[in-house]
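Report on one structure; see the data block that follows.
So that you can tell them apart, the chains are marked A, B, C, D and E in the order they are listed, and the count of residues begins at 1 in each.
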Amino acid sequence: MDFFHAHQAQHYLVLAALLFALGAAGVVLRRNAIIVLMSIELMLNAVNLTFLAFSRFPLVPNSPMGSFLSGHAAVFFVIATAAAEAAVGLAIIIAVFRSRTSVNVDEFDTLKL
Amino acid sequence: MAEAILFYLFAIGVLVAGAQVIFRRNPIYGALALVGCFFFLAGIYVLLAAHLIAILQIIVYAGAVMVLFVFVIMLLNLKEEELGEARWTAWKAIGLAAVVAGTGVIAWRALGPAYPGAPAIDNASLQTRWGAFGGVKAVGYTLYIGSLLPFELTSLLLLVAVVAAVVVAKGKI
Amino acid sequence: MTYDPNDLHGVLAPLILTAGALLLLLTEVFLRGVRPATGPARSAKAALASGSDAKPEIAAAQPDRRYQAWVAAAFAAAALWATLSQIGEPAVPLFSGAAVSDGFARVVSAVVCAALLLSCIVAYSYLESLRATRGEFYALSLFSAAGMCLLAQATDLIVVFISLEIMSLSIYALCAYLRRGRRPAEAAFKYFILGSFASAIFLYGTALAFGATGSTRLADVAAALRSGGTPGASTLLYGAAALLASGFAFKVAAVPFHMWVPDVYDGAPAPVTGFMAAGVKAAAFATLVRILVGGFGDAAVANGPRGWRDLIVWLALLTMLFGNLLAIPQRSVKRMLAYSSIAHAGYLLVAVASMGTLAPRADAMEGLLFYLAAYGVTVIGAFGVVAIIERRLALSGGGDDLSSWAGLSERHPGLAAAMSLFMVSLAGIPPTAGFMAKLTVFRAAISAGLAPLAIFGVLTSVAGLYYYLRVVVYVYMYPSAKGEPVQGGRLLSAGLAIAGCALLVLWLGVLPGTFATLTQSAATAFTR
Amino acid sequence: MSYVESHLLTLVTFLPVIGAVLVALLPRGEGGQHKGVAFFFSLLTFLLSLLLWTGFRPGAARYAFEQKTEWAPALGISYHVGLDGVALLLFLLTTFLGPIVVLSSWKYIQERVRLYCIALLLLETAMLGTLAALDLVLFYVFWEAMLIPMYLLIGMWGSERRIYAAVKFFLFTFAGSVLMLLAIFWLWSNAGRKSFDYLDLLNAGVVDPATQKWLFLAFAVAFAIKVPIWPLHTWLPDAHTEAPAAGSVILAGVMLKMGTFGFIRYAMPLFPQAALAAAPGIAVLGVIGIVYGSFMCMAQTDMKRLIAYSSVAHLGFVMLGLSALTPEAVSGAVLQMVNHGISTGALFLIVGYLYERTHTREIGAYGGLAAVTPAIAATFLVVTLSSIGLPGTNGFVGEFLILNGTFSSRVISGAIPLAVVGATGVILGAVYMLWLYQRLFFGPPRKAASHGLADLTVREWFTIAPLLIAIVVIGFAPQPLLSVMKEPVDAFVQRVSRADRIPVRKAEVER
Amino acid sequence: MEVSWLHLVPLLPLIGAAICGLAGRWLPKPWLYAVALVSVLLSFLIGLRAFIGLGEDVQLFHDLAFNWFSAGSLRVDMGFTFDRLSGALTLVVTGVGFLIHVYSVGYIDEDPGYWRYFAYLNLFVAAMLALILGDNLVALFVGWEGVGLCSYLLIGYWYTDEEKAYAGRKAFIVNRIGDFGFLIGIFILFRQTGTVSISQINAAVLPLGIASWAALCLFIGATGKSAQLPLYVWLPDAMAGPTPVSALIHAATMVTAGVYMVARLSHLYVSAPGVLAVVAVVGVLTALWAALIGTSQNDIKKVLAYSTVSQLGFMFIGVGVGAFFAGTMHLITHAFFKACLFLCSGAVIHGLHGEQDMQKMGGLRRYMPSTRMTFLIATIAITGIFPISGFFSKDEILGQALHTRAFGFLTLTPGGSAHLTWLGPLIYLVGSFAAFLTSFYMWRCYFLTFSGEYRGPESVHPHESPPVMTWPLWILAGLSVVALVIGLPQAWVHGTALQGWTWEHFSEGLFSRPRGGAPEEFSPYLGYGIALLVGWAGWACSYALYYKRGLAGDEALTAHIRGLRKTLANKFYVDEFYGWAFVRPMWRFARGLWRVVDATLIDGLFVNGIPALIAWIGALARRFQNGDVQRYAAVTALGVAALLYVFLVRG
């Protein structure tokens, strides 16, 4: 357990990195548009985690804001943005689905070359 | 001690659920796994003393956003055969490799050496001018005083999102 | 720390634009299916002529929305005036440093607003003849323009991110706006997926920067870099630099982050494409410069291995090379212009690279702004012409082909001349805006000691000339393939916009002095 | 200097543009009025340019009619124009050919007349501006602006392979000149005081030889393509062959001179050491051009192509003369620029008239025309003699001065063999030109193309007669031209052949 | 002595040419003739007046018309010098020219292009006068090329005939080859002396090497213009032109320009003794070569052409051995009798309606007596039979050759060495043999034409020409007789009034002496004896062969030396050789160069190849953009990874 306490911050950060990787992998790998969208959500959450980890374990003692809560604020905004993105994204997926009854991204290749 | 255990618990939960999200073939399972993932994350947020954010995570994400997802999935209501098999292409492999390499580099070169030794400061128990770290009051102050412009912009963003979603999802134009 | 109402004056342009958008949305609510004497009848004929699959009698019930374009144009003009009126004033930080209103931002906003203005007028004919006018279209255009202006002003990474999203979300929607055929929706989807992927990456960079400095202000980043800080902080910052840079390399379509561009430009409605090419590029480059020069300026150190200058140089090389190479085999003018926009991103990157010197170079800054303006007016005009050619094809959901341009000069001498002018300007041949833009940028590059890059650049521009000339060849030297003139009426307003673009192109080309002095006022934004 | 005197040059330069605007404003129609306006304005330009000749009084800086005003101070560009003797001659040549060209295409061009006239007029202004400019960017602007109208002329009114030829022409020349643009920028950022002004750069002393090499190369390539110097010449035959007669006349008459003019005005004086070092090489290329071009001519079956290649040979003479760096040779070269403009222009005119009548350029299709169209035969004979440099025609004076000056040059190494080999061009020229003449005009008038050909019409006489007169007059009294160009030529020779005396400016690249 | 009227001499014919050429078409014939003839006559009279004006006190008239052009240190004037040499030649040119104009009136009358003809003829006279009078090499070159042009135009006068047109072109191009040498000569002299003025060059001191090169190059020009080996091939073909033209240009005047030039630049040549020898040798070889060919030609004009070539050879022997006066003297006398011969042949051809083949002639003395008489006189003159002009002038040359000292110093070292004294006598021998041949074939020509029986077709009725043509014949014949005066040896006329008339005495001081000095006085009698012998021998041979038998004589000859005859009849196959060795390869080379270098290498590989390559790469790269959004994402990720690597790992 000492190891954990010695490297508390890194643990959180690396976890975030792993989550980010998972999300990115999802974007790259999955054919299903909805799941791709979810993967992007995963990536955003990973970023949130990073923000929060850094605001709890700051590198520099005195931040300009006098507090590290701007990290929390950032997370707040990210959540809002994520919601917005999700809404638009899902709408677009619906639109695509209308034009061709499929949500498999590798079938969207009318535009190429 | 307890933090460590909880961390590993939640961490494993996050990762497993995340893996579920991207490896489940049926999006509905993926969506549920994502909800779970969010819950575990909320737990980790609590460990990070981000109490308000943890709550928001559950309300906004697990609540609102995921409902939207599930709703859309139901709306499209994909048949089994429409889901299609997972295909591997060379480029997927390359992409995966790139992702692993990229995040690996970040973790190994940037995050790893970020804290020489143990973190010097731990804000978990910090009492800010506006109360406990990560508490509603404190974060609120930061939001409304510290970052006014982003906050206002967010409202604009949400409006744009609504209009955009409506325009895109609306019938034929 | 405290909120000062005067700050609103600094963001006047975005405010005006937002107000315009809200107004349009409100008016939509009160619209009834009125049918004025002339409008629908003409539009019905037009619809028939342009092979619209909408039923004329149903269509006739549509309310008359033609005012919307002009309202939007009016607000765009107002915003333009607002920005121009502020040019020359000293730079003021806004909202306790979250944003700034300086010459640089003002010039960029001016470009954006001008682009919006022209695009609205082009869109008018386009949408009307496709009978697809909706208030939301112009509202979203205004929103995205607001986002662009804010991007140009943002000095806080979070603000950058949110403005970016405002801009992007509306653009995504605009791409998917016209859903006849599969192309627009697909374009929007690709743009959306890759776009949010990129913004997630950007956001991660923001997080790392925050970790290093405990703040998301660019000023603090710069300060941290200058002071050196803890070793951990600096590595984090370099990681952040990488991620932020790639986020915006994506937005400015630098190779290898360019892959989305051709598909999206090709699939989106031509007026939107024009606006994207002009506005998004301007805003994205403005932000890129803010982050790299304003935030990471000290990391620029040309000789330092971790300096971003060499990196930008390489990006520029790749972008110029592949942009031009890939444009050569295209047969669709729209797609060709997409690739050419990549190539031009490369030339703009040359300007950015020339800023990567110990003392930020004023002339490079001027070059960038001049180039953005020149490219903007040119490309909007070009896409305006494309829009006119493309309308009927857009309905059948196909793209345009060079053959549909053959002999345009006989059917529409005006259009032909304008298109050729734009092509010449894109190729950078005097006496057009394109040439003066190249002059400013490459001169800066030479002065910054980037001669090899400049040489490579001009050589690729020769390859570029080839495909620009091909359009002129088809327009002027091939006999008209199909005799019928461009159908669908309502060419007037588009013609107006195109003529405006042409005049601007010539004005910037023949009398570049006026605008150049404007850019000079902006060039001092980043003096350290 | 009176107001008129100071603005006359600008007026003459931009007069054609006014004409073009007028043409554009005219209603569409069968086109007679368009040609009329175009002709009127080109003629007016010529007449006014005569004032430049009569009132030519070069100032202290060797330039007359100098005018300098701000253009875009923010970009460091100024509108600075002026003429020295050399430029004046080419300037007059251009205005002189202007009306002839319009008149010559009166009958041939029938569709898209308006565009045609606009292109011609804009082209004229571009060329005049190129000659008058004293600011490097201004020069470059005009230089590039020349391309577009010419491109349209070839591509729209040319013959079968016109598009290939037009694109080739455009790409070739553009590719050449982009590097020159960079070199100009380099000069700007290292000229001590940031300036694009030719005189400033000239007097600022020369840059260090190491860099000079490259800058000179950049300039030289741009001009060499335009000249064209072997082996960069292959765009020329295509362009000449496919272009309409008027286009060929302008191309041969003036545009090629822009290249040689660029050498004598910019490339060599701005980078004297490099030029001095490169002079023998250029001379060799010039000689190759002479011999090679002549042999190319012998291989042709297409008469326009043949004449095009003969231009390569003639401009080889010019380059040889320029690089010999003796007053005789250089003045000969300048004179030869004018001569080539006149005689080759006339050749293209006449060939164009033949083509108008028969629509074939194949030499084999003709024969015995002398019996059918004596006037054409006679005029063509005179022009041929001029182009093979027979004494009494303008061609002789130029070639003699060039060869003699080269032979007696002690500036460049290997002058004597160069002159000797170059002089073989005198023989070869006679071989292919007389061959062409015989194939076209001698023998029995059997060939299909020769039947019932109309002889020169009055209009055509009006286009050719001035050229013939010029040929003979210059042939017998070249001295006025030579004395006009004396001053700049001597200065040029001084500067380049004594390059090492000029102070070297250190090149600094601030980062 | 500076005068301002001298330029009229060449100017008047030029004006005449201009009038005939521009307005001639519309002028009534008589006027045109008047213009053409009067212009020449006037310049003749001016020349005459000037010639008389020359004397001990007035060595020369000089007229600086205007400064033609000058650049740098080069100054070229249109200036004319009229001294005794150029004066005499002026008179010859204008005089003979005038006669031939007169003759032409009769000859060309029916031809539709008569106005062109006279324009060319006048232009020629003008150019020839410019050549003779020009006071600097460039002005001389103007005339030099001008006469070339006129000969081109006049040979190709009947241009509808491919053959004739080709002959004209050949003449011009071969001349151009010579002119190339001439130009180089001028350049060398200018580089050395910085001037092109003949008088200054003749005053300048030239290093041996320079002088030799210059002289040699100029002599190349002379071989072109004066049809010497190896460039003589154009002259026989030049007979395609109208006969009066052949008489004027290709016999009397133009072709002698080379001799004149050498004599003009005697100073230059004597300072390059090596070149002098070359000149002499080339001369003698040409004389022999052409004479040999002349023996076997059947075309009457061809015979005369080859005789011209060989006579020019004699002249070059003269100037070559340093006896410039002898060469020029022969030039003058030759002008008379050769012009006469040609005009006679013209009369014959005219009388036979264009028949030129001697095999179809014979017995013409009955039909055209005066033509025959004059032809006989001229033949006697050219065959060098006492006492007509040709005898003296030719023998003077040979005598000078025999006794010359010029080669005593034949060497390129200024000191000189007496190695080649045998060259003179050798030349003498060969020359004498050539003289014998000349006599032989000229008599052959005479016999075949005028003696025996008429062999032509019945349809053709030979007739005498109109007086306008015969009068010039008589005058020329007379001239070729009286011209003997200028050739009389000093020994005979010493102290008499005639002395002033002899060319040797008259041209005293005009020419520089060769290095070795002039040969000391030698008695002409031995030479005369041999010459007479040679001349009569030639006559005897051809008399024996042809007088009775006519054509049979040829067969008899052929029977003995078939191969040689065939070779001679085919002119040693020189044309064929040139065609095989130079002309055809050149054209083939041109085509090859075009196809390989221009079309394939430069244009194909370099100009079109590079764009093709670029387009190909573009097409390849394009395949990459296949619309698969996940591939795009992957590439983006790759890019990010690369940036991260650069910033975090590499740095």
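Throughout what follows, a contact is a pair of C-beta atoms (placed from the backbone, for glycine too) under 8 Å apart; a residue touches a chain by one contact, two chains touch by 3 or more.
Because the structure is a prediction, the values reported are computed rather than measured.
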Using the contact definition given at the top, which chains are in touch with both subunit A and subunit C? B, E
For subunit B and subunit C, which third chains touch each of them? A, E
If I average the CA coordinates per chain, which chain comes out farthest from subunit C? E
If I average the Cα coordinates per chain and compare with the overall Cα mean, which chain comes out closest? D
Which chain's C-alpha centroid is most distant from that of subunit B? E
Taking the mean of the CA coordinates per chain, how far is subunit A from subunit D in Å? 66
Nearest whole angstrom, what separates the Cα centre of subunit D from the Cα centre of subunit E? 38
Between the Cα centroids of subunit B and subunit D the separation in whole angstrom comes to 71
Just the number, please: Cα centre separation of subunit C and subunit E in whole Å. 79
Residues of subunit D engaged with two or more neighbouring chains: 171
Give me the residues of subunit A that touch two or more other chains. 13, 20, 23-24, 27-29, 31, 37, 53, 55, 58-59, 65, 68, 70, 73, 77, 81, 84-85, 88, 92-93, 95, 105-106, 108, 110-112
What are the residues of subunit B that contact at least two other chains? 92, 95, 98-99, 102, 106, 109-111, 114-115, 146-147, 150, 154, 157, 160-161, 164-166, 168
If you go through all the chains, which pairs of them touch? A-B, A-C, A-E, B-C, B-E, C-D, C-E, D-E
Help me check something: in the complex, which residues belonging to subunit A touch subunit E? 24, 27-29, 31, 105-106, 108-113
Would you mind writing out the residues of subunit B in touch with subunit E in their complex? 89, 91-92, 94-95, 98-99, 101-102, 105-106, 109-110
Please name which positions on subunit B make contact with subunit A in the complex. 1, 3-4, 7, 11, 14-15, 18-19, 21-22, 24-25, 27, 30-31, 34, 37-38, 41, 44-45, 48-50, 52-53, 56-57, 60-61, 64-65, 68-69, 72-73, 75-76, 78, 82-84, 86-87, 92, 95-96, 98-100, 102-103, 106-107, 111-112, 114-115, 117-124, 126, 128-129, 133-134, 138-139, 141-143, 146-147, 150-151, 154, 157-158, 160-162, 164-166, 168-169
Touching subunit C in the complex: which residues of subunit E? 611, 614-615, 617-619, 621-622, 625, 627, 629, 631-633, 635-636, 638-640, 642-644, 646-648, 650-651
For a test of understanding, state which residues of subunit E touch subunit A in their complex under the given definition. 622-623, 625-630, 633-634, 637
